[in-house]
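Next up: the structures, one after another.
What follows is chain A paired twice: with chain B in the first complex and chain C in the second.
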Partner chain A sequence: MTNLLEVRNLSKQFKSPGGPFRKARAMHAVNDVSFDLPKGRVVGVVGESGCGKSTLARLILRLIEPTDGTLRFDGEDLRAKSPAQMRKLRANMQMVFQDPYSAIDPRYTISRAVMEPFVVQDRKPASKPEEEVAALLRMVGLDPGLASSFPHQISGGQKQRVGIARALALRPQLLVLDEPTASLDVSVQAQIISLLEQLRDDLGLTYLFISHDLSLVRYFCDEILVMYLGRVVEALPDTDLPARHPYTATLMDSTFAPDPKLRRIITPLEGEVPSPFDLPPGCAFADRCPRAAAICRTETPVLSSDGGHAVACHNPI
Partner chain B sequence: MLEVRDLEVAFGPVAPLSGVSFSLEKGETLGIVGESGSGKSLTAMSVMGLLPLSGGRITAGSIMFDGQDLTNLPEPAYRKLRGGRLGLITQNPMTSLDPLQKIGPQVDAVARLHLGMNASEARARTVEILGTLRIPEPGTICNRYPHQMSGGMKQRIVIAMALAADPDVLVADEPTTALDVTVQAQIIRLLDDLVKERDLSLVLITHDMSVVAQTCDKVVVMYAGRAIEHGPVEAIFDAPQHPYTQALIGCIPKGLSDDEHLTGIPGTVPNVLNYPKGCPFHPRCTQAKEICATDVPAFVQHGNGQAACHFPGAPQ
Partner chain C sequence: MSSMTGIAARWMAGYRGTPVSRAFGSWLGKIAGGFLVLLVLTAIFAPWITPFDYAAQDLTNGNAPPGWPHLLGTDQFGRDVLSRVIYGARTSLSVSATAIAISITAGMTLGAAAGYFGGFFERAVMTVVDLTWSFPDILIALIFVAIIGPGLTSTTFAIAIAYLAQFTRLTRAQIVRLKRETFIEATINLGAKPHHILLKHLLPNAIAPVIVVGMLAIGDGIVLEATLGFFGLGAQPPTPSWGAMMSSGTAQLFLSPWVIIFPGVVVAVTVIAVNLFGDELIRALDIRDRIRGS
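Right, the complex of A and B next:
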């Protein structure tokens, strides 16, 4: 299996300039992230708000510039490309955004929104524009009659389908899905996930799926990366594997089963994600970790692999 | 404690809510579930007496709270009750706190208004309540502004405000929807403990069947402004009778097997202006027959629960 995307030691720091009343600070949004995305696979990235998963998505498409690291897409070094070359390449890698309510221009009709990628790329669709729009809308399970509607006239689930149709317009190989169902009802979430599964099979797409919902990621993805404060703390090559990092275990414990017989006493994780500005020395999770030892507060654990299952922990389960 | 009978709500000529009934004992948690637009929040607003604010009114039915009917309670009396014996936890902690006021005074106001406490008594109570909600350093928190706190912390402040006047009934409208899973687990545990420790009655409104399974004793499933199934939580999950309830449960990945397949519920919730004739769910129902399009189904008893369906219990 060839890798469509190879990410090595990717880092992003946001610098906050100092002023008369505060010191200059640096925030490590993404810290030394490496992974492979093989063709046709679905890799999920999970973590809480602020763990850097959306920044990672934007870095991969070079919507923001990485501070460090390399990105190879289909064998090509993305960071060596000029902005114009990058724009061309982005026809092969598209993004579906979290909030369908703000991802589509409210003054555009659905057909104009779906055709926008062709305008941006200065390309002509293979067939007549109206036929292309109808084909794309049908592909995502929408009635082609909606083409002349405006975003406010359709529901949130339909808007997300339009977002997916727009991402598919240029027939990309890779879709980066940034929490595509987070703002939708569970019933609509299930519809969208089922649509994405069908599109993957029909079009041979590769997905990077970003979510905070571990049960959804385990259902939908082939491999999982768990992120905490900008770092990958665990990489599961198979979604059925038990968690080895205490943080992953906590995430699994925080999801409820839809069955009252499986109800349990929740022992929630205490505390909150520390500020990424002043990262504590050692493991970032140590202050909330039930298994933390002295070494965890002094030395940052490295991601070490055991048969593909990698974990960054001094004291794994 | 709280008993709602055949509630009907109208905004002008439109009736988005009709025939909603449920009851709640002390120390019990009732879940109201359904998709967006099914009337869950409207039910909560009716109980809280907040309908007139948005131009709605209760046209039929009753809401009995501790022996008195709230549907014809005058506003001054409602004001005493609301925030006092009836507590409300709103959905979005980001917008339910005043951004220009420190946390302390916002929570103090409840005890001053409802319990007639003076400033220092109210502050002492605020600090005590924040402490019981496991908020670290409650004294310092009182001097913070909402924007200095995380979403989970803000939701705890909203819960503290709802608890400040010692309510008997707590209505929580999607209290964890805007939060991360780990924070959701913290808040759900907190609500669970509060119900047990204080013998509260909790109405939990959510669209997530897994939250219901984790917390509730009883469930009301709503669709298009109607209750379509209700009963004890075990019965509803063991043998859901209404196809809509079955579909809602089917929307959550269980993660137990690889051949599990999510389909979702095709179509969307109907618009208030044109609710379908007959059973409101029939256009999206896989089991629908002719009669479903013409006759509104009556409730059929099943064990301790009831479902409004012409063909209850039909397999998925």
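Right, the complex of A and C next:
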């Protein structure tokens, strides 16, 4: 299986410049992240708020310029591309955003929003514009009669479908889904997820699925990356594998089972996430980890693989 | 079905028709807007509706009180006050509207560029623009009079510069706010060039408050034009201007008060109408917080 996307040692630091009254600080949003995204697979990235998931998505699409690392998309070095080349390539790599409510220009009709990708890329759609709009809307399960509506006239779930239609208009290979269901009702979430599954099968898409919802990721994805404070702490090649990193284990423990007979007491994590401005030496999770040893506070664990299942821990389960 | 609910929601919120037709919806909007439409029509058709030539002197009939045939009386040279007030509307409206148009064009360009590019460029532009705000309007006008002499050109540029900062700041604030919206990031991710982002997304979303503030500024511009005319820095004789007419009327304030009263009343009523209609527009567009925010 060929890799559509190869990410190597990707890092991003946000620097706040110093002044006469404050020190210059650097925030390590994403730290030394490497992974492969094979064609046709769905890789999920999970982690709590502020762990760098969304930054990772934007780094991969070069919406934010990485500080370090390499990105290879379909064999090409993305970071070596000029802005003009990058603009052309964007047609192949699209994104669905977390907030559908502000993802469409409020002054654009749905049909204008869906046709914008063609305008921007200076391409002619395969069929007549009205037919193309109708086909795209039907593809994401919307009534083509909505084409002349404005965003404020449709619901959040419908807006998210428009966002997906816009992203798919140019038939990209890669779709980055940045918490596409996080701001929708549970019933609508399920509809969007099943739409995404169906589109993947129909169009042969590759997904990078970003979410804080581990049970959703386990259901939807083929592989899982678990992030904690900007680092990948565990890479599960199969969603059924048991967690080896204590953090992943806690995340999995905190998901609810629908069966009331499986009720159990969840032990919450002690302590707080360290500040990304001021990372502790050693493992960032050490202060909250029930299995922490002396080495965890001095040496940063490296992601080491054991038959595809990689974990960054000195003392894995 | 779903588009029905959307339309129903807008109907319930009173959002029917265009913003301008909604501004005309209330009785205040009808009166203020009606007056302004009448004033603009009067100015446009001035040559056909004025009873006398605005510059024709009749020295034997100076300072005649309102009556027939001079409905609003005559000034010291026997010129018809009504005709001069009507032609004065042309001067006032065209000078003020031209000045504000220049101001909006320059202010939106500067503000959009500053807000979009940010960094050192933004700080440089905003510093210079804020500096112009610290000078009183009259002082700016005097500078122009000193450079190119008194007249309507000086007045126009003085008004344009006086309101430049307001439009630049307003546009910049809108652009900075809009730049953070997801739809901008989404459009960049489609591969859009900067000019597409700026012209097709940022500016169209920023324009509504600028238009309304521009409308209100036309009212202020009329006052400023009258002020400069009053001091003899604006329109030069025999061009009729409300400010210049009031200035010449001060000499005969007690002999023939109509010379100063009628242009004064017209200035006051016009400015009140502009402000009332501007308020109605703000309400109709629902952008009060965005205007206050700048």
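The rule is simple: the second predicted complex is superposed on the first by the 317 of 317 C-alpha atoms of A that agree within 3 Å, B and C clash if a C-alpha of one lies under 4 Å from a C-alpha of the other, contacts with A are read in each partner's own complex, and residues count from 1 in each chain.
Please note the rule applied: contacts are C-beta pairs under 8 Å (C-beta built on N, C-alpha and C of every residue); 3 or more make two chains touch, one makes a residue touch a chain.
Since the model is a prediction, treat every value here as computed from it, not as a measurement.
Once chain A is used to superpose the two complexes, chain B occupies space next to chain C without a clash. Contacts of A:Val45 after superposition: neither chain B nor chain C is touched.
Once the two complexes are laid over each other on the shared chain, residue contacts for A:Met95 go to chain C alone; chain B is not touched.
Shared-chain residue A:Leu5: touches no atom of chain B or chain C. Of note, the Cα-centre angle with chain A at its vertex and chain B and chain C at its ends comes out at 80 degrees, rounded to the nearest 10. Contacts of A:Pro258 after superposition: chain B is touched, whereas chain C is not reached. By the document's definition of touching, of the two partners only chain C reaches A:Leu146; chain B does not.
In the superposed model, A:Ser155 makes contact with both chain B and chain C. Minimum C-alpha separation, chain B to chain C, in the superposed model: 8 Å. Touching of chain A by both chain B and chain C, each in its own complex, is seen for residues 155, 158. By the touch criterion given at the top, residues 2-3, 5-7, 9-10, 181-183, 185-193, 196, 201, 204-205 of chain C touch chain A in their complex.
Across the complex, chain C is touched by residues 61, 63, 86-91, 94-95, 97-99, 102-107, 116-117, 119-121, 143, 145-146, 148-150, 152-155, 158, 163, 166, 170 of chain A.
Interface residues of chain B facing chain A in the complex, by the touch rule stated above, are 35-36, 134, 150-153, 180-186, 188-189, 192, 207-211, 213-214, 216, 233-234, 237, 247-255, 258, 260-266, 268.
Taken together, the chain A residues at the contact with chain B in this complex read 48-49, 155-158, 185-194, 212-216, 218-220, 239-240, 250-251, 253-263, 266-270, 272.
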